[in-house]
Amino acid sequence: MTQLPLSQDQIESLNAQGREALEDDYGSLGRQLGRRGIDIDAVTERVASFSVAIPSWGTGRGGTRFAKFPLAGEPTGIHEKLADCAVVQQLSRMTPRVSPHFPWDKIGDYRALREEAAELGLGFDAVNSNTFQDQAGQPLSYGAGSLAATDPAVRAQAVEHNLECIEIGRQLGSTALTVWVGDGSNFPGQQDLSRSFDRYLDSAATIYAALPGDWRMLLEHKMFEPAFYSTVISDWGSSILAAQQLGERCQCLVDLGHHAPNVNIEQIVARLHRFGKLGGFHFNDSKYGDDDLDSGTINPHQLFLVFNELVEAELNPRGGFDPAYMIDQSHNVTDPIESLLSSAGEIAAGFAKALLVDREALHLAQESNDTMMAFQALRQAYRTDVTPILAQARVGQGGAIDPLAAYRQSGWRARKAQERRAVGVGAGIV
Amino acid sequence: MTQLPLSQDQIESLNAQGREALEDDYGSLGRQLGRRGIDIDAVTERVASFSVAIPSWGTGRGGTRFAKFPLAGEPTGIHEKLADCAVVQQLSRMTPRVSPHFPWDKIGDYRALREEAAELGLGFDAVNSNTFQDQAGQPLSYGAGSLAATDPAVRAQAVEHNLECIEIGRQLGSTALTVWVGDGSNFPGQQDLSRSFDRYLDSAATIYAALPGDWRMLLEHKMFEPAFYSTVISDWGSSILAAQQLGERCQCLVDLGHHAPNVNIEQIVARLHRFGKLGGFHFNDSKYGDDDLDSGTINPHQLFLVFNELVEAELNPRGGFDPAYMIDQSHNVTDPIESLLSSAGEIAAGFAKALLVDREALHLAQESNDTMMAFQALRQAYRTDVTPILAQARVGQGGAIDPLAAYRQSGWRARKAQERRAVGVGAGIV
Amino acid sequence: MTQLPLSQDQIESLNAQGREALEDDYGSLGRQLGRRGIDIDAVTERVASFSVAIPSWGTGRGGTRFAKFPLAGEPTGIHEKLADCAVVQQLSRMTPRVSPHFPWDKIGDYRALREEAAELGLGFDAVNSNTFQDQAGQPLSYGAGSLAATDPAVRAQAVEHNLECIEIGRQLGSTALTVWVGDGSNFPGQQDLSRSFDRYLDSAATIYAALPGDWRMLLEHKMFEPAFYSTVISDWGSSILAAQQLGERCQCLVDLGHHAPNVNIEQIVARLHRFGKLGGFHFNDSKYGDDDLDSGTINPHQLFLVFNELVEAELNPRGGFDPAYMIDQSHNVTDPIESLLSSAGEIAAGFAKALLVDREALHLAQESNDTMMAFQALRQAYRTDVTPILAQARVGQGGAIDPLAAYRQSGWRARKAQERRAVGVGAGIV
Amino acid sequence: MTQLPLSQDQIESLNAQGREALEDDYGSLGRQLGRRGIDIDAVTERVASFSVAIPSWGTGRGGTRFAKFPLAGEPTGIHEKLADCAVVQQLSRMTPRVSPHFPWDKIGDYRALREEAAELGLGFDAVNSNTFQDQAGQPLSYGAGSLAATDPAVRAQAVEHNLECIEIGRQLGSTALTVWVGDGSNFPGQQDLSRSFDRYLDSAATIYAALPGDWRMLLEHKMFEPAFYSTVISDWGSSILAAQQLGERCQCLVDLGHHAPNVNIEQIVARLHRFGKLGGFHFNDSKYGDDDLDSGTINPHQLFLVFNELVEAELNPRGGFDPAYMIDQSHNVTDPIESLLSSAGEIAAGFAKALLVDREALHLAQESNDTMMAFQALRQAYRTDVTPILAQARVGQGGAIDPLAAYRQSGWRARKAQERRAVGVGAGIV
């Protein structure tokens, strides 16, 4: 029996205050969309069935190498993190799964954790392994690499950790392993660029071989950081070549902040899909590097263009279409719950707008090289305010019309600041 | 019987003046390299056998969309261009091949042209097709694309042009076709990103099928320009996937200025080689975009690091190693012959320095994660002044100790300014 | 008596078909804004009084250094260009001024031109000088620079051209001179970076001294192109230091595409305003470099953030607030009239959305470091669909509800394709 | 009486082994330079008098937000850090000053620390304040900014800390305060871009007013990180405007890694110098962002071009020339002493090469727009191997011919790994 963390009555009472305005807005938008030949309720239904996973670590304050500024009441263990995820899900109804990270979320009994999550209305998404940090008591250091290390014992340790993640994930009900490594170099010459790739592939193949039959392995590329000269899986090219080599159930994961400046990310999405290797997304936004800012805060149009490709891909599945969606942000200056609520909304808005594109008009304009009308087909959808659709989709499932207002009204964080132990001053992401 | 354009006596008389200094420098460097366990003469021999092709169009002034500032005496047809290429080759002895471009170099009799080149000591390198511009009298426009155009008649025209290039190249003694297209879009939505790639592949497959058995097809990617939102073959990932699909004799060509900011190009070289698709290079340098500046003028260290990968690749050929080297620069503010002389020297210097790397020390340091010593192995080579080696390699083949001085002394350009017809004011590259 | 180019009856007849839908949308939005405490009619009034100038050259097809693909019926002289500008103004009612460029728009009688424009409902905006190209018959070349050239005679010629532009502008009723130069270098060492700046300042001071008392001089910086290593006025820092040195009526012009990758342009706007040097804008959009794409097509959110700063600046004028707005785009693949219509709408949308920001809530959240609510104050405004406001503002002044549809219905371009002489194949911007 | 940390005998004994080779190389280079009209000993003398400060924090392992991998034997307090700095100075003879950072280097008795340093042959350079982190026990948090915070009490605390730094620096013999703040925002709207700059200026003015009469205040700009949307002093434009406002003894500090991609840093150096605001440098190298890699490892040519501007600036001091030089690197994967030794050499090499430029030829070529020869004047200097000059300059002052070899032979780190307490696993820079 599900035990949601916030008072559902309070949420509904707040919804009641906003209902009339929502009905006006939803009705107006419905008439407008009707004039465009779109049934708003069908769109709302699609949006209501959309979901994106939350990373367990995203519920705490993140930081930079310079500093982390803790938030009173932020969670410090997987149990508290799950509770915060449940708050996000209760209000947004778009984040029913949590993506765990090991060893950060390590505990004794994963079957019990799965039940605990289920009671909160949550399940588990892709498992994330971590071989970019050393843990206290770890036999060998990843200071010179992990899956691509020159020392075979280090590689074996890193492989072993991934196998353990698969085993934990199996107990949690996951069906995917996300592998991101920091392996790379800070100096020209530090590593042999080809041999380190060979070693990576060799280690990854061992992990892939251990994958349960219904699992996927998702490779996540990143241009730089923590390595600042070269990175083993630095771009989508390296990622897809590795995925091709590893096997059919190995696919590529796109983190929106892991690319070179100016790169056309939506085209990368299209390419990965065309070659059957579009595995999933880590949603966030960025202005400079892997800034891990809240999704859609910097460039919401790019988010829309990515979803436009995803909607196209679903209509043209070629070899299949089943991307895993996860938020991956570093909440350095906000209450993480608020950022996750806001981000889930921005992501869903990107999806909703992509659904509004008049694809017949778009394709016709594309085929006839009517550039302006092809663009206008996208722009008409993008400029539509889909707020009423998102609110209706939430409300229809018991969520909040205005999730941020409902969260603030709940007093959740202040209460937790009383109950939870404080996090110390420091730096970094954990 | 070869008829070189400049007075060989004059070159040798200038060399005589510099010989003593060269001997001192070469001797000193030889002793230094000897202390490092390197035989300077062996290096000089390798450098003497190195060559890079010159693009026929590089012999004229280039320009931007804003303006082109013509140079008195610049060549206006393939015959004059060949003469200028011969000047570069006579002085540098590192540029024995010319890469032609069609229709810019179109004439009536290609067998005669081949003989004309041979008499100047020149042969022909990869043929370049052009479907990014419209030519006067051309039936259909490339304004909406060429190999990836939605209109099948436009695609057919573009394919046909490439087949004609192959036929011309066959007559000229070429064995490679370089395909760069400007196909892409300036607006989100303008083109379907996947379908345009499908069309490109389809057209390219027809060209590939027509390739003579001993030819290669080189795909050249470019991030942007002339298209400023998306480009069909925009990065090495798209390029290698296309090359894999097209066939074994289709490979990827790396132009140093066609990448996103900050990208690690030497790692791209390593990746392409590892997957058997390193086809060749268009050498130039850049600071902002596809600036087409003279090779090594902005970032000579990057050029060295690229050659370091090439030397590694040659030692570990995996599936083979035979990259085609060409200069591809836009000489907007210099005498193109001077830029080509200088660039050939910078490129050869990158190669020479890469030969000086103590690879045993490098590999040992890499294997043992001795980062500082691995870097120092590269840096020791990079900081070596290889000027005497290059001069010796040139002199040994009849070239000039100081090609720029010899060229200036020859009075070539002033003479041509008298003989050749003037180029008008305008904009662009032709 | 104004003679507008299109049939006003036809426009109004099309408007009649769209009126009911517009009333529904405008009414709905009005109620929604009313709930937020905003009077929609007041916003519409502000938007109706907003205007942006059109560059005369923007009415023709633009191109790259590789190619230009002419459009049948594009204008070839200032008279035809004015006609096309009048079409844009008649439909959009937001572009009542034309920014001329010399020598491209050179003719005999500027007083007559001013009357001709007035009859079309147009006036003249800032005059643009051109010393980045050579013109046929020009005594000295700008190949080695213009205002910053080492040759004093070249500098004098460039200054003289600017003085002539001022004189022409005076006759046309302009009150501003925009100075953009391509002066810079392609090689390290080519120019002395300080001395060339000295020379620029010296030349610019002579121009500034000739400025009529009610005129402004607008300096336009650009990171690169046509120079690819250094540019004399490459960034806003160089621009504002030059403007400070030149005098009070010298200000800085921001072209949205002239910055380094990732730069926060809205902060540059804030800085220029704070130091009293915000002179104006060249609106366009870009993904890679100075792509000169249509405004708001790539990053409409950035356009909104710029206008958010402008609305803030107007509320806090400090030393004054009077920026000049101009569109500056290169229409390579569309009908320029359609691009200008679309762009005027996107720019006005950015302005309209900035007017919708709840500034009291924003400032309160900023002061109390309530990051999420500060962001939401902006985002609520940004996500609002202001289409009905823009349409209402246009209709209220005689423009079209749907300018693109009205333009297409008018058959203008097809008619002009019959009447106007064809433009030849070529490259570049003119 | 100076007590150097390493055995001077051992250094000299190693030098003895290398002397003959050095003499050969130095003699050869001397003859070559002589042929170019350059007296090698004069250059060596200039290089011998060159120095660059070491940051106290640079002696320990740095890290990223993801991880820090400690090094056995790295220093943990200012006393151990000084010892390591003394090792660098003893071997390189180019790093006689240490730049301290507070509160990281906080201790009880600064006069005693000054004496301790003097005994090690060291003095103190610019003092660095830190208001980008919270310290245990600090009354107010910098989580929402420091000098630009909205809360006046936070600003006062940050100002107070800077005043304390000045007081400490006075005791240490410093004459400069370097101010770098992380103030900025992660969300559009989070901060008012103009008002935050006002607050920064206001706080900085209070600090400036407290500056001793012979001190300078150095403002350090940075594009991003720790703030990822806007930063108060994000670029040289903001920095110089602030410095102009604050007063004559306020100048700008250039960190080579704090700029937007592709930016021409040497031109920024030239601009700052021209306007009398070139205060100093933080040397490091980078490929992507503020990577803080070892100086000259990624782009040694850029380092040379910066020094070329510095040599020009010294020859044309305009309002004065006295930049402060400091290394500022994050040594994530090397022994910091080795990185500092290597970096001091790379920086000195950049300076030495800039001294070798034939400035008469350069200026003549620049004035006559002989682009190729202007470039060649720089390139001839750049390609010269100045290793013998650096070695001679070190040896002449008691340093090592080969500092890295001498350091490894000394066994310093292994000994310290026995003596010093271990640093724990973590993340970040301290």
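To keep things simple, chains are lettered A, B, C and D as they appear, and every chain counts its residues starting from 1.
Please note the rule applied: a contact is a pair of C-beta atoms (placed from the backbone, for glycine too) under 8 Å apart; a residue touches a chain by one contact, two chains touch by 3 or more.
Quick caveat, the model's predicted, so the values are computed rather than measured.
Common neighbours of subunit B and subunit C, listed by label, are A, D.
The most distant chain from subunit A, with centres taken as the mean of CA atoms, is B. Between B-D and A-D, more contacting C-beta pairs join the chains of A-D.
Computed centre separation for the pair subunit A/subunit B is 42 angstrom, with centres defined by C-alpha atoms. Rounded to a whole number, the gap between the C-alpha centres of subunit A and subunit D is 39 angstrom. For subunit A, residues that reach two or more other chains under the stated contact definition are 144, 185-188, 190, 223-224, 229, 261-262, 264, 287-288, 297-298, 301, 333-334, 371-372, 375, 379. Here subunit A touches subunit C in the complex through residues 21, 24-25, 28-29, 31-32, 35, 261-262, 264, 287-288, 297-302, 333-335, 338-339, 342, 349, 371-372, 375-376, 379, 382-385, 387, 404, going by the rule given at the top.
Only residues 62-67, 69, 132-136, 141-144, 182, 185-188, 190, 223-226, 228-229, 261, 286-289, 291-294, 297-298, 330, 332-334, 424-430 of subunit A touch subunit D when the two sit together in their complex.
Subunit B meets subunit A in the complex at residues 144, 150-151, 185-195, 197-198, 223-224, 229-230, 234-238, 240-241, 259-264, 266-268, 270-271, 273-275, 301, 305, 308-309, 312-313, 316, 362-363, 365-369, 371-372, 374-375, 377-379.
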